[in-house]
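Heads up, the next two complexes both have chain A, just with different partners, chain B and then chain C.
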Partner chain A sequence: MHRLLPLLPAVPLLGAALLVAGGRRLPRPVAETFGCLVAAVTAALAGLLLLHSTPPQAAWVGGWFPKGGESVGIVLVGDGASLGMVTLVSLLTLAALAYSWHYFDEPPRGHTGSFPALLLLFQGGMCGFALAGDLFNAFVFFELMSVVAYALTGYRIDEAKAVQGALGFALVNSLGAYFMLMGIALLYARTGELGMAKIGQGLDAAAAGRGPDALTLAGFVLFLTGLLVKAAAVPFQFWLPDAHAVAPTPVCMLLSGVMVELGVYGVWRVYGLVFSGPGGIPAADATRALVTLGVLTAAVGAVMCWYQRHIKRLLAFSTIAHTGLFLVGVGVLKAQADEGTALYVLAHAGVKAALFACAGMLLDRYGSVDEFSLHGRARELRGVGIMFGVGALALAGLPPFGTGLGKAVSEEAVGGPLTALYIAASALTGAAVLRVAARVFLGLGPRPGEPRDEEREEDETSGSGEEPETRQRLDRIPATMRSVPAVLLVAALAVGAVPGFAHAVGERVDESGAWGVFSAVHWTAAGILLDLLSTALAVAVAGLAVARPRLLAAPGWALPLRRLQSGHVGDYVAWLLVGVALLGALALPGVLG
Partner chain B sequence: MSAVLHVLPYLIAAYVFLIGCYGLATSRNLIHAVGCLAVCQSATYVLLLAVGYRDGATAPVFSDLAPGSRPVVDPVVQALTLTDVVVGATVTALLLALTVQISKRHGTVDPDELRELRG
Partner chain C sequence: MSRRARLWLVLLGGSGLAALLVAACLRLPAFGGARHPYGDRAVAAALARRTANTIASVNFDQRAFDTMGEMSILFAAVLGCVVLLRQARDEHRDPPRPAEVAAPVRRYALSTLPVALVTGLYVIAHGQLSPGGGFQGGVVAATALHLMYLGADYAALERVRPVEAYEIADALSAAAYLVLGFAGVLAGTAFLANTLLPLGTFNTLSSGGTVPLLNAAIGMEVACAVVVLLARFLDQAVEIVEENVRENGKNGDNGTNGMDGKNGENGENGE
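So, the complex of A and B:
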């Protein structure tokens, strides 16, 4: 079975190459069908391997097997977690391809295959990153998926905002990747190894019971910087809303649904394999660093989410808030929290992709994603409105959605005041999306006016007057576009509701993780009550905001936070450097002690 | 003296990386910013090659060299550096292409004037 592992990144990459080579001659439906087929084959293969992932398998690509414990070859590791991520990536790519079926902007003449080819390349890069068992290949696949993501974000090169958002995204993320490479070089210098598990053993041997030193800390901080930039943790998060606001909708589904989460996955994998030993970073310090950043990320993301009127930007900030929760879940270093986070990531991917898909339909129907100017205009899109509302409730953690189960299990694991953070962040982001649903699809509440006195510069990114991504404005939403979010929502529901699924996910995650085995994941009465509490809070806050807009308008203290999102790429780079220093300071006590 | 010489490449790598970051943060021109990113990347080349260096060693090419007859520098980091160069070329090309489009659509490449996306 392990011989099939290299096919997971190879099949999409090969499919992309064929599409680029033959795309000139292919008619558009053939190119798009071929893209869907390749993504589906990869998903099926990943699912098949996932069923056979106990015990975990490793594939030494090209027959470069280790000799006497030493190896310089490329190793792919197929365990429950990595194959699960690959399956998620492939299924979501399939959903994005199906969503863009026939709908997307007329491709340039002679390049019918370019958009599906780019999506397949993106899929291949993400699959490779999830499977990589050594740090350098993790870096190469990380860069592959990043570069394709920049290209996809700026795919509509005639759009002024699209190219601008893509460039900011590219500069910040590339810099983060070079930080990561510096970290890899330092770890290689210390251990002479590139395989993750071997580096971990090398660090333990080099420390010889004296604990980590400055070089280990530097390697940890530099490597994690790259991953946290990708995961959009505060203060590395500034690129994300800009990129999500301008990227084509199918791309947003992938960026928010899996790419950002792959950053968190990378943190989890690298800490567990490389830094969790006695020569690595002590657990208390890793927890301090990750949980602090996670709490900040969740808080900033949720608050910023609430004050957006550009719907895609609002969804982007809610992704930041949820990534913060994932970081907290990974950061507490408990098997139960890992399981909860894995379920949360799975269900969140479905819910968030469905919400972006609905926002994309608004954009293509009305040429706007501005909550204010769309007030009441989308009443006719009843089905889309229902899906948007259900997605909002699922985001808030309504049982039996998988988001609710993941949230409940994580809450139980983290305990204490962090439980309140989970409830607050999911309630606030859910409330923001519900508010949009109530105003746009139901036309409830007074019509939000333009700012009374002067145009506040923070309101500039309103989302009105956007170009639809389709050839012309859609009069009817095609069936493929409507069915994709419905299927995604059902999948998110199934994560929580299908008996035994959560247990299977938990087993796979524990087996791949470093913190032992947790008994079983299931719904508990306390978890259901907390989920209902956050859902009720979301409904109440959204209702209040719709009925009395002035009561919950942006207060003065939120303005500085919004001004930080300055749109200036130099500021974002400066914040990245601040973040590196912060991460170092948070992990420092372990080295001093 | 030799201790200084051994530390020097690492100091240079750190210096080059930080100067690139400084340039990125204060850049007034996107082409300049892309160049600064390439400077940051050059620091990774310096660091990787410094990690693999050995005193008195030669290039790890065995066409005219009997294995084991002379020390050679670490070929792994050289392979990593080559891969890194390829990655860097791709990133720079894509970034410059985006900059060309920004210049066409906005009529400027000054980040101070490109601030529509905010808040």
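So, the complex of A and C:
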């Protein structure tokens, strides 16, 4: 079976090439059906391989099996974690293709197949990155998914904002990728190897009991910078809201649902395989670096999320908040936290993609994603409103959604004050989405008035007066568009509610990870209570905000934080440099000691 | 953020990064050492597969999977450009006007064109034997075609370069690389395995098994990709015009001679 692993990225890439070759002659439905078919075949193949992933498998591409422990070839890792990510990527791509079915923007003249082809290339890049067991190969697929993501973000070229958002995204992420490549070069210079596991052994051998030195630290910091830019960790996060605000909705589903999480997955994979040995970065230092950045990310994301009125930006900031939580979960380096994070990522992908899908319907129906100007206008979209509300509660961690289970398991693993962070971040992001649901779909509370003077500057990001992504404004929402978020929410529910599923996920993740085995994942009374607490908090805060808007209006201290999100790429690059230095400083004690 | 604040941030972060890099570079292995674990293995593996150019063996055999990713990056970048540089709603196309080219330039460009094209194809074809290969040769071949633009004008270039055909060829050659990969699986070995063809005689054109085929696919993909890429950018510069520019008068939309610096003059003459 392991021989089929390289097909997971290759099938969508071939599909994309064929779509481009034949795309100009094909009628649109045929091109879209073909795209869906390719994504579905990849998903099925990934699922099949996932069932056979115990014990974890490795595939040597081109049959370059190691001789005497040495190989010149590229190794792919086929364990539960990587195949799980590939399955998630493929299913979410299928959802995005189904969502854009027939209604999404007019294709460029003579290039009918280009949008599904780009989505397939995106899928191929993400699959390849998830499977990579070789540092350089990981970089190649990292770049592939980045390049496609830039193009997809700027897809709606008729709007200047789209091009600007894509440009900022491209600049910051490319810079991150260059740092990543420098890190690979340093590690290669030290060890003469490119396979992750072999580099890890090489670092251990070179350190020979003396522990890591400056070169190891630089390799760690530079490689992680690339991944953390992708994961939108503070202070690398600025590109994400700008890109999400302008990217087409099906693309947002993929960006927020799985691409950002792949950055966290990369950190987990690379730390476990390369840096967890005695010659790598000591656990205490890795934890300090990752948890500090994770806490900052969750806090900044949650606060910024609360103060948005542009619904897609709001959802983008909630993604940042949750990525912060994932980073904390990965950073504590415990099997139980890994399991919780895996479940959280799976369910979050479904919930967040569903919420973006609902926001996209608002955009296509009303030409606006502004919470204020849409006040009460979407009462007629009852089904969409229910899905949006359910998604908000799931985001806050309502049992038995998978988000709730993942959050509960993670909370138990991290313990202490970090539990409060999980509750606060999920409650605040859930509350922000609930507030939108109450105002837009129910018309509750007073209609928000004109902003005060100090808030004028955010008018540009209010989200009103946007172009719909369909050929014309939709009078009624088509069934394909409505069914996608429904299916995604049911899937997120299933992650937490289907008996045995969470246990199976946990087992696979433990097998793939480096921290041994945790007994079993299940709902506990404490976990359910904490989930209910965060959900209740979300409902209360949202209710208060809707009933008494003045009470929770942006205080003065939040304004500088919002001003940092300036849209100026130079600022973002400056923060990126600060982030590299910060990451280095956080991991430095292990090298000095 | 003010300029000043940004500068301070860059100084702060940049000095941290610089300190990290300097400390790391001091720990790098000394220059000219004898220990090259990967290089030694790669050369041995290349010779075992009778591929004279070790780089080609690394690119198209040992790490052919990386090359598949790199090819896909180029393919995706071209597709992205085609999509992003499409004609926007407020733009229209103006046919390029014929241009006068100085006789020496014309003679030089048109006589160099076939030489450059053959050089490009040679570099592709001998990728498995000598330095070069599909990536480099493809770029040479693609740029050779553009001598037509220098020697004649944009309309002449468009005649030798039907973009749609190149777009299809780009996609088909990418597909060919992937299909060669799948063939390995179907033949029962591994994806992109170099076991389909006889290895041939060392240092001849047909040596190296599937290496020449993968190399040729890359050469074609790169050549077509560069042609399409340049075509999209040239289209933006020469043919595609924003509506409001056109209304202002017919100046400024004439970029046919953009390469030889006559653009400004033409703009004035247009009035």
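Everything below uses one rule, namely that the second predicted complex is superposed on the first by the 588 of 593 C-alpha atoms of A that agree within 3 Å, B and C clash if a C-alpha of one lies under 4 Å from a C-alpha of the other, contacts with A are read in each partner's own complex, and residues count from 1 in each chain.
We take it that a residue touches a chain if its C-beta (ideal position, glycine included) is under 8 Å from a C-beta of that chain, and two chains touch if they have at least 3 such contacts.
The structure displayed is predicted, hence computed values, not measured ones.
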| query | So, does A:565 touch the first partner chain B, the second partner chain C, both, or neither? | reply | first
| message | For A:63 in the superposed arrangement: first (chain B), second (chain C), both or neither? | response | second
| request: Figure out whether A:399 sits in contact with chain B (first) or chain C (second), or with both, or with neither. | output: neither
| First, second, both or neither for A:160, with chain B first and chain C second | first
| request: Determine, under the contact definition given at the top, whether A:246 touches first (chain B), second (chain C), both, or neither. | output: first
| When the two structures are overlaid on chain A, which partner does A:72 contact: first (chain B), second (chain C), both, or neither? | both
| message | Quick check on the superposed pair: does A:143 touch chain B, chain C, both, or neither? Answer first, second, both or neither. | response | both
| task | Pick one for A:257: touches chain B only (first), chain C only (second), both, or neither. | result | neither
| request: Answer with first, second, both or neither: which of chain B and chain C does A:175 touch in the superposed model? | output: first
| remark: Between chain B and chain C, more residues of chain A are touched by C
| request: Would you mind listing the overlap between the chain B footprint and the chain C footprint on chain A? | output: 72, 136, 140, 143, 147, 150-151, 154, 157-158, 163, 166, 182, 186, 188-189, 194, 563, 566, 568, 570-571, 573-574, 577
| In their shared complex, at which residues does chain A touch chain B? | 72, 136, 140, 143, 147, 150-151, 154, 157-161, 163-168, 170-171, 174-175, 178, 181-182, 184-186, 188-189, 194, 241-242, 245-246, 457-461, 562-563, 565-571, 573-574, 577
| request: Write out the stretch or stretches of chain C touching chain A in their complex. | output: 1, 6, 9-10, 12-17, 20-21, 23-24, 26-29, 35-38, 41-42, 45, 58, 61-66, 68-70, 72-73, 75-77, 79-84, 86-90, 164, 167-168, 170-172, 174-175, 178-179, 181-182, 184-185, 189-195
| task | Name, in rising order, each residue of chain A that touches chain C in their complex. | result | 3-7, 9-10, 13-14, 16-18, 20-21, 24, 59-64, 70-74, 108-111, 114-115, 117-118, 121, 124-125, 128, 136-137, 140-141, 143-144, 147-148, 150-152, 154-155, 157-158, 163, 166, 182, 186, 188-190, 192-194, 213-215, 217-219, 221, 563-564, 566, 568, 570-571, 573-582, 584-585
| In their shared complex, at which residues does chain B touch chain A? | 13, 17, 21, 24-27, 30, 33-34, 37, 40-41, 43-44, 47-48, 51, 76-77, 80, 83-84, 87, 90-91, 94-95, 98-99, 101-102, 105-106, 111-112, 114-119
